[in-house]
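One structure coming up, written as structure tokens, with questions to follow.
As written, the chain order gives the labels A, B, C, D, E, F, G, H, I and J, with residue 1 at the start of each chain.
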Amino acid sequence: MEPFVTKSEAAQIVKVARTRAGLTWAALAEAIDRPAPWTVSALLGQHPVPKAEAEKVGDLLGLDAEVVEALQAQPTRAGIGDDLDDPTIYRFHEALAVYGPAIKELIHEEFGDGIMSAINFKLDVQRRPDPDGDRVVVTFDGKFLDYRW
Amino acid sequence: MEPFVTKSEAAQIVKVARTRAGLTWAALAEAIDRPAPWTVSALLGQHPVPKAEAEKVGDLLGLDAEVVEALQAQPTRAGIGDDLDDPTIYRFHEALAVYGPAIKELIHEEFGDGIMSAINFKLDVQRRPDPDGDRVVVTFDGKFLDYRW
Amino acid sequence: MEPFVTKSEAAQIVKVARTRAGLTWAALAEAIDRPAPWTVSALLGQHPVPKAEAEKVGDLLGLDAEVVEALQAQPTRAGIGDDLDDPTIYRFHEALAVYGPAIKELIHEEFGDGIMSAINFKLDVQRRPDPDGDRVVVTFDGKFLDYRW
Amino acid sequence: MEPFVTKSEAAQIVKVARTRAGLTWAALAEAIDRPAPWTVSALLGQHPVPKAEAEKVGDLLGLDAEVVEALQAQPTRAGIGDDLDDPTIYRFHEALAVYGPAIKELIHEEFGDGIMSAINFKLDVQRRPDPDGDRVVVTFDGKFLDYRW
Amino acid sequence: MEPFVTKSEAAQIVKVARTRAGLTWAALAEAIDRPAPWTVSALLGQHPVPKAEAEKVGDLLGLDAEVVEALQAQPTRAGIGDDLDDPTIYRFHEALAVYGPAIKELIHEEFGDGIMSAINFKLDVQRRPDPDGDRVVVTFDGKFLDYRW
Amino acid sequence: MEPFVTKSEAAQIVKVARTRAGLTWAALAEAIDRPAPWTVSALLGQHPVPKAEAEKVGDLLGLDAEVVEALQAQPTRAGIGDDLDDPTIYRFHEALAVYGPAIKELIHEEFGDGIMSAINFKLDVQRRPDPDGDRVVVTFDGKFLDYRW
Amino acid sequence: MEPFVTKSEAAQIVKVARTRAGLTWAALAEAIDRPAPWTVSALLGQHPVPKAEAEKVGDLLGLDAEVVEALQAQPTRAGIGDDLDDPTIYRFHEALAVYGPAIKELIHEEFGDGIMSAINFKLDVQRRPDPDGDRVVVTFDGKFLDYRW
Amino acid sequence: MEPFVTKSEAAQIVKVARTRAGLTWAALAEAIDRPAPWTVSALLGQHPVPKAEAEKVGDLLGLDAEVVEALQAQPTRAGIGDDLDDPTIYRFHEALAVYGPAIKELIHEEFGDGIMSAINFKLDVQRRPDPDGDRVVVTFDGKFLDYRW
Amino acid sequence: MEPFVTKSEAAQIVKVARTRAGLTWAALAEAIDRPAPWTVSALLGQHPVPKAEAEKVGDLLGLDAEVVEALQAQPTRAGIGDDLDDPTIYRFHEALAVYGPAIKELIHEEFGDGIMSAINFKLDVQRRPDPDGDRVVVTFDGKFLDYRW
Amino acid sequence: MEPFVTKSEAAQIVKVARTRAGLTWAALAEAIDRPAPWTVSALLGQHPVPKAEAEKVGDLLGLDAEVVEALQAQPTRAGIGDDLDDPTIYRFHEALAVYGPAIKELIHEEFGDGIMSAINFKLDVQRRPDPDGDRVVVTFDGKFLDYRW
């Protein structure tokens, strides 16, 4: 059989190829007309990339056909603890440790017993200028699902 | 020595007393003039509650003096895995598993090498009406800190 | 403050009281007009029991007011590993280990990228007579949710 | 000695080859006249595939002889935690966390002390149309085994 | 409600009461006309003890009614790692680490793909005199179950 | 230096070579005049195989010299958790979870404080015909060692 | 039933009672005519203490009858990781991490394939004067057991 | 850059080369005039080997220059759990589980609060003839370090 | 026997009593004429407190005799992971994750193969004013110990 | 695509190349005019190395272009437990286990509720001569961040 690459090998290759090509993630997202957070996570292997978008990215980054094929494959999504210790990611988990039970109480008070969907879901990352130092503002936005038998 | 209660015992007592008093978290937050997410996490033991606010809550909920004292104590903050499996909290950790590496890439692209602070930080929980089902919108808002030797 | 009981203490008490009262789970479910699987998991602390149903169960089992109060409280739901080793429960996790990746492939083939909801969800446990030995038939029935940005 | 491939390498190869061949799992199952869930899990390495069926699949997917050989080998079956975090699989484990103790109570009430076999066992995955959104219906069907000394 | 004891508290009480009564496990097993290994594991909380046998043991050991009641309750069975480190138990797990894969190969060679049931199962512990030092002989005896769809 | 293979690579090679040669484990054991359980575990890397026996097996299976060399090397023996989840092996660990404390009590009652050796030890795997389904009978037979200062 | 104490409660009580009585472990060991390491580990719950010795210690330390009874009970021995982090104990595990594989090689070179028994075993702790600082000298002394089928 | 080998690859190569050369560890230790336990652990990667000794061993075993280079490199020392399950090594950890708290008490009684150094430390492995079976005698000998602020 | 308290109970009591007495840790340290970091860790149970100092603290905080006794007892020191998740403590472990391998390289370059002692060791915590925000300066100061056979 | 190397492969290569070049870490740090601890951790993959410095190091050590490229890439920083067991690194974690809660108390007493930043942070490693043995002095120096909503 012809050789193939896994989705995590593809993610490694995309990261190096993007740097060598001198392209930003924002530029890649714009090229395929998708939001940046979706684009980055999809190219890192967390979503299947539709054929047209995968080929567009393949052209821009000069990827082999096997890499473009891998980008389209259905992922088994990444484990929760995999990058937990990286400080940039850890701070979000720490915030959930401190504020998670409060978020839970407020969701139940406002909506009743249920959850915020992580599937019917989108996320945004913004920079907000602030005289005391600019701020990272990340918004989690998911449909409420109530426990419904 | 007089008896005392721990912060986690105090959190348990506050939850039961709030239900018995028929008060919402929002009402408690308003009574002490603090944002709701801060108020809930502080009363659940994640922040020291200043004396005036602790006493105000004590009056509203009919708490014993030892409970009011415990609310004011400096916490050792909760572990990341403690409530991880609860579905309402888990979905946030799952979203970080799927999107965390993308958030990291976008922070580095926009700000350079560094993190969002989880200390100089605030958080908001809102309901956004939507014809396809209302949405839970949670905003993480922390100061950017760059790796600076 | 008046004493209170936790949801897991309440679950222990319900199990003993049910045995002493000589009542089946099926009878309790019928008494509150709910499906048996929902009734059992709710009385074991996995769902908040509405006031009327909690009081009905309290009457049938002779529960103290604090236990009836605990049944109504919002749960933090049980951890995945808690009873994993019990053989009756383990076989289900083992079946998921063997067939989980196949279930995933078939869901993606039939529905596309997404999940079966565990929130908009119901479950049934039945006995099916079989000449080679009766069979346990457990049905997981949840709404499909597609990854939708 | 001639080269050989492991069962997990064979599973990877089958997944890529199936996509390249443009065949569904359902079509593969039909070709070897086996139920789809059995077929998928067997081709992913969880069951030994009989010689005739392995060769049939090898013909359809253009597999090397070593891959066809690997499909026939006796597996050491997959660990429970291996894909646990993938959302599509996780929801089933979460449902067991919430409802597992209730399933256990109902099995004991109906059958006495014992288990549902995961060996004398079959599983079905169906789509059920529903105006509120189609549903994933997964049925676990195993022989009851009582603790019998 | 009247007080109650858990099955693990009952097991602790049985162990102390047996020592104080000066009775061997063998004598208890004989008194209830059951094999010794079944008797000991049941009294330690791994099996529900039928009412007559539980009361007989209660009489012999002078147990309170709540303990006799606990012996009859359906157990959630003990976790695999709980006593793993105790040297007397560890040696059996070590033997499985060394010989487990060989046992697996021989079962598959003799019976085909399947398992030894741990439910339709019995176990014996014997002493075999030997001039080089007497031997502990433990027999695992379970029905073969083949993977049968 | 000349190339070499590890004991776990050798075990993989032996398994494939045995299948290709169409030889049973029993036939290999007979060829080297050793009990089957010892032979299988030794060839899977759990015991050093004496030179004559290793070469005999090498001839029968057509193994390279480096594989024959690896079979003779002193092993670092396999970890307890390595194959724990495979159902055929798991049932033995589960039986120890349920009956281990009872085995321990009966050993102490019969022999005093001590253990069954897992070193001065042998093991047998047999099939016992039974009208209700044939049975797997595995015997652990080890010298008793008492705690002796 | 009369109250009882567990072996670990007994160990706690012995430690406090010994300090209050102003007796050294050496004096206790001498009083019951046993080596000090055996005496200490037995009183801390790792060995059953014979009746005469338990009562002698009970007299010297003023222990209640239930504590004396607990000292005589058969232990389930302590887990390997329980005190691992205490620096005084950790250094021994660290030395095994660094030198364990070398000890293994030297035992196999000198004795063949087998182990040092931890059951037919004794241990000594000594102080050796040294001008560069006195030294702790701990000797592990166990019977060699060869793998013997 | 020229190729290089890691210390753990070097350890693997040394073990095979030593067997092929038919040399004992004792002979290697004598050749470089170092104690056997130090020599074995150093060649297995736990200590940097000085240049002269590394080259001497390289000559005796016919090692490549990159292997000799790797032997001299500063190690990151091995993890405590890496070989824990191997029975020959496990018995030492088990002995520490049983006797570790007693060793700690005796060190504190004799020396005060402090530890045995695992750095200013040596270890010896001896065979002691015994009519009941020869014994493995391993001596840990480290400088006492007291907690000194 | 008279009641007693454990060292960790004593630590809890000291923390509450100190707050109620309105005394700083610095004041307690000055009162017993010891450095503040030593004083705090000793009162939290990490060092035995000499009798005079324990009694002095007991007088200042109004501690019961059993608490004063507990402060003097030899500790089993705290586990590494116990408070790891608390953000104030976590940042130090994170700094070690990022810089630990660099610290190791620099120690080896400057001193050779060995370690910084954590026993012959002291630690200081200072505030350093800084126009960009005051800084926490923590100094680890331990004797170098070289690997010396 | 052209080949590439990961940051951890680059770190391995740098370590070997530095030894072969006979250069100290101090010399490398001086060559790029950066503090030694920063330089070492950056070259070991914990910080992105700016282009000019990466190329300078590449020239000094004769690194391939792909290695120089890898040094400049943004890292995912190392996990906390990765090298924990190495004695030179472990002693720092052990000191945090013993003194961490005291450091926390003193930071809160001096600064209020907050943390030492591990991002706006620098670290120094020094040798301090001492007649009783020279000392390793490591200084953690980070900006105080208070919990500020």
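One rule holds in what follows: contacts are C-beta pairs under 8 Å (C-beta built on N, C-alpha and C of every residue); 3 or more make two chains touch, one makes a residue touch a chain.
All of these numbers come straight from a predicted model, not from anything done at the bench.
J.: Could you tell me which chains make contact with chain D and chain E both?
T.: Intersection of chain D and chain E contact lists gives C, F.
J.: In degrees and to the nearest 5, what turn takes the CA positions of chain A onto those of chain G?
T.: That rotation is 180 degrees, given to the nearest 5.
J.: Kindly point out which of E-F, D-E or B-D repeats the I-J interface, defined as over half of the contact pairs being the same residue numbers.
T.: Repeat interface, by the over-half criterion: E-F.
J.: With chain centres defined as C-alpha means, what is the inter-centre distance between chain F and chain G in Å?
T.: Centres of chain F and chain G (C-alpha means) sit 33 Å apart.
J.: Taking each chain's centre as the mean position of its Cα atoms, how many Å separate chain A from chain I?
T.: Roughly 42 Å, centre to centre.
J.: List the centre-to-centre spacing of chain B and chain C in whole Å, with centres computed as mean CA coordinates.
T.: The mean C-alpha positions of chain B and chain C differ by 29 Å.
J.: Taking each chain's centre as the mean of its CA atoms, how far is chain D from chain H in angstrom?
T.: Using C-alpha averages as centres, the distance is 47 Å.
J.: Which chain J residues sit where two or more other chains touch them?
T.: Residue numbers touching two or more other chains: 76-80, 83, 85-87, 94, 97-98, 101, 104, 108, 114-115, 117-121, 145.
J.: Spell out all pairs of chains that touch, sorted by label.
T.: Touching chain pairs, listed by label, are A-B, A-C, A-D, A-I, A-J, B-C, B-D, B-I, B-J, C-D, C-E, C-F, D-E, D-F, E-F, E-G, E-H, F-G, F-H, G-H, G-I, G-J, H-I, H-J, I-J.
J.: So in the complex, which bits of chain B are touching chain I?
T.: The contact residues of chain B facing chain I are 1-2, 4, 6, 69, 73, 76-80, 118-119.
J.: Using the touch rule from the top, collect the residues of chain F that touch chain D in their complex.
T.: Within the complex, chain F touches chain D at residues 12-13, 15-17, 19-20, 62-64, 67, 83, 85-87.
J.: Under the definition above, what is the set of chain G residues touching chain H in their complex?
T.: 24-26, 36-37, 40-41, 44, 46, 77-80, 82-84, 86-89, 91-111, 114-118, 120-121, 123, 125, 127-128, 130, 132-145
J.: For chain A, which residues count as touching chain C in their complex?
T.: 35, 38, 47-48, 74, 76, 101, 104, 108, 113-115, 117, 119-122, 145-149
J.: Across the complex, what residues on chain D touch chain B?
T.: 85, 87, 90, 94, 97-98
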